[in-house]
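Mind looking over this structure? Questions follow.
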């Protein structure tokens, strides 16, 4: 049974119909990459799964429970954690405080500040620094770490490489590698197609709120996704 | 030397202002709401304490133990019934709703208690008038010293609570970004309700000292709100120790004004407040926003 | 292309003109008591409209508009004392207070939200205390507009009535023209989203300045007119925060940010005061409760709601209530 099932999900963003009847499922331990042009509805979709955006129709099932109407903080207790676009750390608090404030709110689990520092060595020397003073890459690591502190069963990552230098992106993904390989269930939004295809088991491409391509990453070529990306019909079939 | 005494009294008066101001400042820091009913709620607490002392015969100190949790519940209700809904209405609604609430509270108190002024001074025995003479001209009242001590304990305690405890971190995180805390499992509404309850507990302490050190009536709330606000602006919005400094500056200004002529007591305070405002506008250009920081 | 004058609004404008003609001959027709009450109503309309200009159009909630109300009355007293004829002194007083609002706005308009709200209250308190220092006023004892004693009661009643009617028409007219002009467009942009407005080049501060000074001038005229009808000036009565409570009630119940709403609100307030004013404290509790409940549950007010429901638009000011975006904790 899939751990996450999204069923005919609809969401609006003001006047914009951002997500239109999206359905897909994620198996436990799987990494799914969401790709698509800006404004395709990827972020809104992730936020709907996390409960940060209200769905206007459809269902979100998590581990057999309907969570569609649960507020975000309740979904964290179920085991869903979103690393939001733009990182959104508590800039005035220290990195350690950012981690500790998230501790013990989700499910019981094994993540501690010490284990975080093992997984994200770049955070070790920065624990007492103000989160707002970190570099972009460090902030991204801290944002992921903060989400991990809730011991999620499903981790949603929104544009972790946005605004980072290539080196910083590599560092973030290097830290993620352990997670992705270690059986975590992850849905990530990634602009860099090549990287998405490399890290994910499956790829889902969105266009104007709809899913226009879905396939196993290994069997998917860059060209196929690019075609779906720009809405070329023949590629979808 | 009489002038020096005025300065000393100003410091103690300032400690009272800091006590009144800290809950206003705290609530603003957490929810970005300026609670226009703040003064009225302080006065409500004073009346609750007075009733407990007058009717139930409880000592004011014992009454505080009863009144603080009771007012915390009032705070919780205030958030759930008024502030929560107001916040969703945008910038203006919290101001309008809390102002409406202030009018309702003031007039309900008037309806119940009439225009008579009241004081808790008769219920605290020697404390209300005992004092120590430092020199021939300078005397400090025991109650004043107690207020200063309590102000330091409350402000320091709040500071420690916010920076050292888990709940304090939760409140700070929510204050920084209420739309993100849900993603790490924090219910922002519950945090807001808790913060309002804490603010009302502190307002009750302020109400107790308002009632002990002077007289009050149902319409005293407006003045308390203004003093609290001036204190917070002079001290810098959001900074807790700044609040104490702001209160002391205000208290000293008022006492120096009164030293010149009794009619200048309030005027001097208002002028210092406006002076600080003008100075800030000129120094920081367009924005006061950088000055109002977090609750910590 | 947006049509401003619809058939209905043209008809409505005609109706207003007719009503004004009828009101203009009022003092010849009405009983003295009615004339006095209508004078009060006109003052209420001015107050409601001015508070709405500030909050509804400028996004500025002030709980200190009584500062201008009191200063307007005080300036009229002073001018009249200096020999200026009584009725012109009302208008001059309002202009002087409007002038005073210019530098005051420079400081106060840098404040935001609640800071501006209470900051204005401090200004009102300070104005009150300073006016009390004037030997002519002599503290809370106050004084009266002595020059009016030279006029017979009926003439005084009629002149004050016409002044109030004229003042109301001029101020509402000025506001109407302002809203149709460039300021109107800016005002709308600012209320929808202040930062966005600034980023597309709307001169936020300049627009707020205009609204602030207009509101100050209008409240000052209201104060001066109130003085002309009450004759006595006791600072406490004029600088009372209750005036702001009334203004908020009128604006909220009528409809914040609508042109017609505060007028409707003023009429409702007038009726409520006439019927329930005798209940004293409970009446005030009711006013506060109404303001609270409207702010929470009917933020668009009666007119705003009707306007939306029936696509009603009597006067073509081209403004629609757009409730600010929600800031929901835990959501986003």
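Chains here go by letter, A, B and C, matching the order in which they are written, and residues are numbered from 1 within each.
Simple rule for what comes next: a residue touches a chain if its C-beta (ideal position, glycine included) is under 8 Å from a C-beta of that chain, and two chains touch if they have at least 3 such contacts.
None of these values were measured; they are calculated from a predicted model.
*Asks:* Comparing centres built from CA atoms, which chain ends up most distant from chain B?
*Replies:* In terms of C-alpha centroids, the chain at the greatest distance from chain B is A.
*Asks:* What chain is most central when centres are computed from CA atoms?
*Replies:* The chain sitting closest to the overall C-alpha centre is B.
*Asks:* So what's the Cα centroid distance for chain B and chain C, whole Å?
*Replies:* 31
*Asks:* Can you check how far apart chain A and chain B are, centre to centre, with Cα atoms defining each centre and the answer in Å?
*Replies:* 44
*Asks:* How big is the gap, in whole Å, between where the Cα atoms of chain A centre and where those of chain C centre?
*Replies:* So the centre of chain A lies 52 Å away from the centre of chain C.
*Asks:* Which chain C residues reach two or more other chains?
*Replies:* 330-332
*Asks:* Mind pulling the chain A residues that touch 2 or more other chains?
*Replies:* 52, 71-73
*Asks:* What parts of chain B, by residue number, touch at least two of the other chains?
*Replies:* Within chain B, the residues that touch at least two other chains are 179-182, 186-188.
*Asks:* Taking the complex as given, what residues does chain C use to touch chain B?
*Replies:* Within the complex, chain C contacts chain B at residues 55, 59, 61, 63, 106-107, 110-115, 117-119, 121-123, 125-126, 129-130, 132-133, 241, 244-245, 248, 252, 256, 281-282, 284-285, 287-293, 295-296, 299, 323-332.
*Asks:* Show which residues of chain B lie in contact with chain C when the two form their complex.
*Replies:* Touching chain C: residues 28, 32-34, 36, 82, 85-97, 99-104, 106-108, 110-111, 174, 178-182, 186-189, 191-192, 222, 225-226, 229-230, 233, 237, 263, 266-267, 270-271, 273-274, 277-278, 280-281, 286-289 of chain B.
*Asks:* Touching residues of chain A toward chain B in the complex: what are they?
*Replies:* Touch list, chain A to chain B: 50-52, 71-73, 76-77, 81-82, 84, 88, 90-93, 97-98, 100-102, 105-106, 146-147, 149-150.
*Asks:* Looking at the complex, which residues from chain B come into contact with chain A?
*Replies:* Its residues touching chain A are 166, 169-170, 172-173, 176-177, 179-188, 293-294, 296.
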